[in-house]
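Should a chain be cited, it is by its letter among A, B, C, D, E and F, assigned in written order, with residues numbered from 1 in that chain.
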């Protein structure tokens, strides 16, 4: 009975778009299949929770991700 | 000094309603009491964090929960 | 289909003992009952994960918890 | 830059075995591929953390998982 | 390659204001520096995720935090 | 009343050593100070939980971290 939590940045605004409902469904389906294939886990008891994290709440390299990307260009 | 995280789906729309502030207060009170009763933990240092997860962000059976419920009917 | 994570310190040594398997079973049972009573959640799809955290890995008041307790006496 | 956390029960003893290092490597590889395929996320900034949870620390149906499985037979 | 998650209450309304983007940037910068100084971890592979938790979703002392603060006055 | 979770790899074996109790105390102290300085949070209600993650349980670049480091040399 696995529990999987996937955190991704919530993209959006002029530079992109966030994960769509269809993309989230693909993540849920894909990771559930993976756990069944690799560990024999039953899909019926595999929970997947996706969190979209606002860009200003995600840091890497000591910077909020938007600032980090600007500097990395 | 326990830390408890409770994740539930954020219900709503035509088919239901999300947990109310009153229901959340009952969860906080109930789980804090439980930790005091079972382990003798002080309520003053028991933290409870509740997360409401949008339906499209929660998967079970390899499907987003709304789709899963539709098929389970 | 709630997911609950309970983190408690792993007590032990001369000053106490950790939660026993019986106490963990009481936490699992109690929090599952609570979610059924307050939100009508089905026990069959309620997951509870307990983490015992070593004392040196838990901080409060800016100190590891053992040091914090020593100073609080 | 996704962060993925996978929690599975630590199987073992007479009735089974836990995930092997090879199986964990397959989970890491598979979920990283999935995030690249579905959302275009770079593997270099995709973190995966696996937690093996002792059976007595995982509850479902209001019971520790071993007891739950015994009753489900 | 550390992963740090910081959860704080989302303040606001007549009694206060939430963390600003500038304050979040300071948290990201500060905790990344700390991990580099204490453990030699590379900022480039240090992820920080901040979650603002609504006041009604955070409990302490068996009460939602707003109620707890009212009684503590 | 912030809650901070810091996950780092558990180094060790011939190639290194894990974070010492002293280093963990520095992380707890440092992050608590940071939250007080930036957001005015009280140390008395700031919880810090550190998790050491075994190397085979942490993935980056689609590989367990030890393999990733070998290839990155």
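We take it that a contact is a pair of C-beta atoms (placed from the backbone, for glycine too) under 8 Å apart; a residue touches a chain by one contact, two chains touch by 3 or more.
Protein identities per chain, from UniProt: A, B, C, D, E, F = Tautomerase.
Being a predicted model, the structure only gives us computed values, none of them experimental.
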Repeat of the C-F interface, chosen from A-B, D-E or E-F (over half of contact pairs identical by residue number): A-B
Copies chain C and chain D touch via same or different residues, half shared test: different
Whole-Å gap between the CA centroids of chain A and chain F: 21
Computed distance of Cα centres, chain F from chain B, in Å: 27
Centroid distance [mean C-alpha coordinates] between chain C and chain B, Å: 16
Junction residues of chain A - those touching two or more other chains: 1, 3, 7, 27, 47, 49, 58, 60
Contact pairs between chains, per stated definition: A-B, A-C, A-D, A-E, B-C, B-E, B-F, C-D, C-F, D-E, D-F, E-F
Residues on chain C engaged by chain D in the complex (per definition of touch): 21, 24-25, 27-29, 32-33, 43-44, 46-52
For the chain D and chain E complex, residues of the former touching the latter: 1, 3, 47, 49
Touching residues (chain side chain D, partner chain C) in the complex: 7, 53, 56-64, 67
For the chain F and chain E complex, residues of the former touching the latter: 1-9, 19, 23, 26-27, 30-31, 34-35, 37-39, 41, 45, 58, 60, 65
